[in-house]
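These are the structures in question, set out in turn.
Okay, so chain A shows up in both of these, paired with chain B first and chain C after.
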Partner chain A sequence: MPIGTPPTSVRPAAAGPAGETARAAAPRTVRGPRRGNLRFPRAERLAPYVLVAPAVLVIAGLRLYPLALGVNFSFTGDGDRNGQNVGWDNYRTLFGDPLFAEAMRNTGLLVLLLPVAVAIPGLLATFIYLRVPGHRLYRSVYFFPAVLSPVIIGAIFNLLLAYDGPANALLGAVGLGPVDWLGDPDVAIYAVVGVHVWATFGMALVVFLAGFATLDTSLIDAARVDGASLPLVIRHVIVPGLARTIQFVVVTTMIGMLTSMFGLLYVMTGGGPEGSTYLPEYYIWFQQGQMSRPALASAASTVLFVVMLAVGLAQLAILRRSGRED
Partner chain B sequence: MAPLRAGRWLVALPMAALAAATVYPLVFTANVAMKTRHEYVLDRFSPAEALRWDAFATAWGSADMGRYLANSLIVVAGSVALLLLFGSMAGFALSQLRFRGSRVLFLGCLAALFIPFQVIMVPLARTMGQAGLVDTYPGLILAYTAQFLPFTVFLMTSYYSGIPGEITDAARIDGNSTYGVYARIMLPLGRPALLSVGILDALFCWNDVLIALLLMPSPEHRTLMTGVTALRGQYSADIPTFAGGVLIAAVPVLLLYLFFQRQIASGVTAGSTKG
Partner chain C sequence: MKRRALWSTALIAPLALYGCGSAAAPDSGSEGGDGTLVVWDWKSGDATAASYIEAAKADFAERHPDVEVEFVAQPFDQYYNLLGTAIQSGEGPDVMLFNGGGQLRDRADALLPLDDLLAEDMDRLAGWEAFTADGQVYAAPVTLQGHPLYYNKALYEEAGLDPEAPAATWEEFLADCAAITEATGADCFAMGNKEGYGIQFFLSGIGPGVLSPEEYDAWIAGDRDWTSPGVRRVFELWVEAEQAGLNNDGVNSTAMFNDEFALFDAGEAAHVVGLMSDVGHWKEFGEFIGAENVGVMPAPVAAAGAAPALPYDGGIGYGVAEWTADPELAADLVRSLTSTAALEAFYADAGAIAADTTIDASGAGPAAAAIVAQIPTGKPALHVALSAETLELMGRLSQELLSGSTTVDEALGELAASDQAS
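Now for the complex of A and B:
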């Protein structure tokens, strides 16, 4: 504490207003922290709580409490049995519903596609970091779809993926038959996921680039001087160096895939064709709003939450283990 | 460090193609919006014959985009103001002040970060309904504030942790109360973070459709994004007007991106390097 020890103080104690401040403050600091508390007026002691109160109240009331309420709610009935305890009935209905099964299958597909959704921005960030011609431009261009609403992106891709739209014109130019991107039950989910990846890879790319900025360049230079090829440098220098960043991107990409595709689904397919593009979030929306079965929707919400927890914990465990091997 | 030498162009070409593919959808849509319906039916790829703004005017006027825009602005402005106020207050207290329970409160905020809206939307809609807040501006503003507050608190806390505690001590010694330190020192010092978080929060609120659909069901309260989802049904036979409406909704975000790209990127990456 510089103020309490005048000889070593940076400011000469006698000089002007600064000195006055120091003198006035001296008794307060000398008393020490324990008695200082007693001296503080009540308002001062409560101040930290007053400052956090609005945030804590909003978060507790509108996020944590509804979570508990929803779990509770999923064990009550819909319609005639509104408010009654129905045990596990909603969960039984849920797992017997082919539409929900489809939604869970699609969730599994997303988890399988996750490595691709992480590798693409990772590779592109590597190239930008290694300064391919035009790297400055790519960074801004790739990132911009990430700021657009899924609704706008979905609307634009409705035009692009129309049966007689540009995507099929491009395929036709190289002699491939037209694809019914959003009308074919086997294709539609890939089309929607593809659009989601197109729209969000810039986000992960920027995160990767921030990670690269913390990387020790001399390691890469040394590896290259020793004649290591680019794949070897990526495998042995870049990936271990970016372990934290990769972990962050994996988790955020997964959360994004499981919870931010509603806009695309709503605009592009409405869950169709034949329910083939249902995801849990769309199922929840559909049961709550369209079918007026909020309790069933709550059960689906709880399952989604458990799935997200499980996937998140599994990923962390895998990443931690692979990090230890290196 | 040494840039790639051999194969630089081999990589650059696909990357340029990807960049083109990133921009093309928007260019295509803009071109379609400039065409007449007749032109569009004949050939949707050729450049429009003239710069025509009819489609934008029609979308703005008859599709009620003006009203949706006003709704969006009200809700986004209200939400961002509350988010920045609550977020900076909590961030300052959690990082600079020592008080009992601060760690638990911070972890609670962090946990809330991992609760997706889909998981709580049914009970939230019900609670909002009971409180008479469905289909009102305060209701949607409150919902957005709750949704993005954990993120805002988290970022503000980590930003304020980087400010040395001596500054708070010195301001106290100069006679400021805790509230004075917040208002006179921490708010001005937090400007870069507030700008970055504020822009991101504005984007999140602006781009949302699920929460708006759930809590603002009536047509006259539609936000711009909900309005866009309704356009398709309204103009399924008039694609140029549809494209015009979509672009009107995209322009504010594109402008924001042009001016604040760096702040957006720093907000997105803030969580990845710290914590």
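Now for the complex of A and C:
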């Protein structure tokens, strides 16, 4: 009977009590049908289905069915052709739209920038772990932005990065020309991603610190005694010891970058300049609301869903592999 | 176990049924003709619009005392998203507020034609064109929205120029700007194109000084030649103004609302193409630089044959949803919302140029008086005639023009294609 069997990847120590309960329960459930009267076996056979029914119904009714409706809707037209079947027209429009291409390119850029977004909290957590002077202060300071809403962060950085704002004043003071942070199409996306990383790395930092707590300090001490330099300690002791933590942070940071930058984009650039900071989410919102083309937005949503599905499956594979290593 | 399931079913079923019943009740009420009318807008929550809503409600209650009117103020950022969802589902408010132009035309198929129902108001109100699609009126104008070229008289005086005689031609305008920048350090134009709105205001504010009246009228009527010398000249001026340093720095990262207007408010720019109603207008500018210092000038003539007129359209207006139960009742509410008493209150409290031509505006300062005086000869604004898609594309291309990543010819080619497609 599958119910009650502990998943294989769960560590025995953590699953101890649950495992015992399952073992204790197993004989009872096996014995039941054998000695009961004729009415019981059917009830017991049906019980699992009844028990999982709410979850299945919720998923089917509130997830899968709307998803199917959305996909179906993406094959209908907008405006004059509202409700008519237009085949693949929306998808043709979508892939012919330079704005959508830009949005997908930017998604690719985010994936490329992922190592940076993971390395920053990792490195800072390492410094805190190695007790650099003032590490207690840094620990709380680094986490502070994580509690601010993207709208507030966006507004703050709008002021800081304004053409006549403090960031450019600082550059001017050291003799560098002003940079149009949010107005130059080659710079704006990096400015927004930079702010996003600044705003969210606190959470990853905490996860890293938790990972460090499980690290065996005797290994580091041993490496030091053997005369290993700091970079070598990081490379050969800390990183391997934190492999699972790093994988977890990679997955969560990736999800964060792909799904929660809308607020920042909306406040900081509005997709501009020249459409250089569009992301699929923003594109969907824009087409649905501002251009009143909900069917096209549905098509874009479907494409985004497929992309996220692929990314999600890849992430599951990574997590599963790391689970097996353990 | 089975008995317990039966019990809980017996308990839950009436609750569920009760839920359905209570959800259905208000609907059945409004179908009867009298009951509740629901209005969606983004204004009724503002303190400055309170007296307007009161006056409109009172006017409507006089004629239909048994009908309740419910105003639902939506956040403007999300307004058209929410409205789009309502339209998609075919149910929502009975009466709704719209911006004139593309936002209304894109959604005209969800609205009721009002030509017959509002026939009596046609002469009293101005600005119908912005609420007309395919020859039929879909909403009644509440305010007029336009794009006058404002200037700061104090800066003119400081530069030794006559504030009452602004430049009539583009050459004189450039000379004045040079003198002002020299004497005061202020930029010629306050310009914000972060959202791509700067080009829209520039096209409508400066365009009348470039296009001939015939070409202007043809443009409004939908016969637009994007490769004509006049249209090309407008976009060339857009680029030249930036290259000649007439604009403030960082145009593509300056938000029009409200960083651009803040520059004009602070006296850091001498000119701005602003609005007539709501924000970025004579009343707001007057609060900062003094009502007596706010000037309104016609667009400087930059091409022979141009005869500049004030560009304005219906600003916001109320339309009736196609799915409403009683169209006449809803249209009556629209009439109350555009009654003279209500619009007078709106004009006085919100600082909007109301659509009612019978309201006296002489008490609101020289700029408002100058605008109202030009309304009879005014024409619809150039950018309002364009579809939302073309406007969006124009915003993006205008940013590329400023950064030099496209040319005027390429941009006009793309705009012509987009304009034809929509």
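Just so it is clear, the second predicted complex is superposed on the first by the 245 of 326 C-alpha atoms of A that agree within 3 Å, B and C clash if a C-alpha of one lies under 4 Å from a C-alpha of the other, contacts with A are read in each partner's own complex, and residues count from 1 in each chain.
Definition applied: a contact is a pair of C-beta atoms (placed from the backbone, for glycine too) under 8 Å apart; a residue touches a chain by one contact, two chains touch by 3 or more.
Just so we're clear, the structure is a prediction, and the values are computed from it rather than from any experiment.
**Student:** Where does A:W285 make contact in the superposed view: on chain B (first), on chain C (second), on both, or on neither?
**Tutor:** Both partners.
**Student:** Spot which of chain B and chain C makes contact with more residues of chain A, would you?
**Tutor:** Comparing chain B with chain C, the partner touching more chain A residues is B.
**Student:** Applying the document's definition of touch, where does A:L51 land relative to chain B and chain C: first, second, both, or neither?
**Tutor:** Touch partner of A:L51: chain B, not chain C.
**Student:** Check the residue A:P133 against both partner chains and state whether it touches chain B (first), chain C (second), both, or neither.
**Tutor:** In the superposition, A:P133 touches chain B alone.
**Student:** With both complexes overlaid on chain A, does A:I255 touch chain B (first), chain C (second), both or neither?
**Tutor:** After superposing on A, A:I255 lies in contact with chain B but is clear of chain C.
**Student:** Go through the superposed model and pick first if A:H236 touches only chain B, second if only chain C, both, or neither.
**Tutor:** neither
**Student:** Pick one for A:P294: touches chain B only (first), chain C only (second), both, or neither.
**Tutor:** In the superposition, A:P294 contacts both chain B and chain C.
**Student:** By the touch definition above, which chain A residues appear in both interfaces, chain B in one complex and chain C in the other?
**Tutor:** Comparing the two interfaces on chain A, one with chain B and one with chain C, the shared residues are 43, 164, 285, 288-289, 294.
**Student:** Considering the complex alone, what residue numbers of chain A touch chain C?
**Tutor:** Listed in rising order, the residues are 43, 79-80, 82, 99, 161-164, 178, 180-185, 269-270, 272-275, 285, 288-292, 294.
**Student:** Can you name the residues of chain A that touch chain B in the complex?
**Tutor:** My answer: residues 3, 21, 25, 28-29, 43-44, 47-49, 51-52, 54-56, 58-64, 66-67, 69-70, 73, 124, 127, 130-134, 137-138, 140-153, 155-160, 164-166, 169, 198, 202-203, 206-207, 209-211, 214, 217, 220-221, 224, 230, 244-245, 248-249, 255, 258-259, 262-263, 266-267, 280-281, 284-285, 288-289, 294, 297-298, 301-302, 304-305, 308, 312.
**Student:** Considering only the defined contacts, which chain C positions touch chain A in the complex?
**Tutor:** 1, 78, 80-81, 84, 87-88, 106-107, 109, 194-196, 249-254, 259, 388-389, 392, 395-396, 399-400, 403, 405
**Student:** Tell me, which parts of chain B touch chain A in their complex?
**Tutor:** Against chain A, chain B makes touches at 1-4, 8-9, 11-12, 15-16, 18-19, 21-26, 28-29, 32, 44-45, 85-87, 89-90, 92-94, 97, 99, 102, 105, 108-109, 111-112, 114-127, 142-143, 145-147, 149-150, 153, 173-174, 177-179, 182, 203, 206-210, 213-214, 225, 228-229, 231-232, 239, 242-243, 246, 249-250, 253-254, 256-257, 261, 264-265, 268-269, 271-273.
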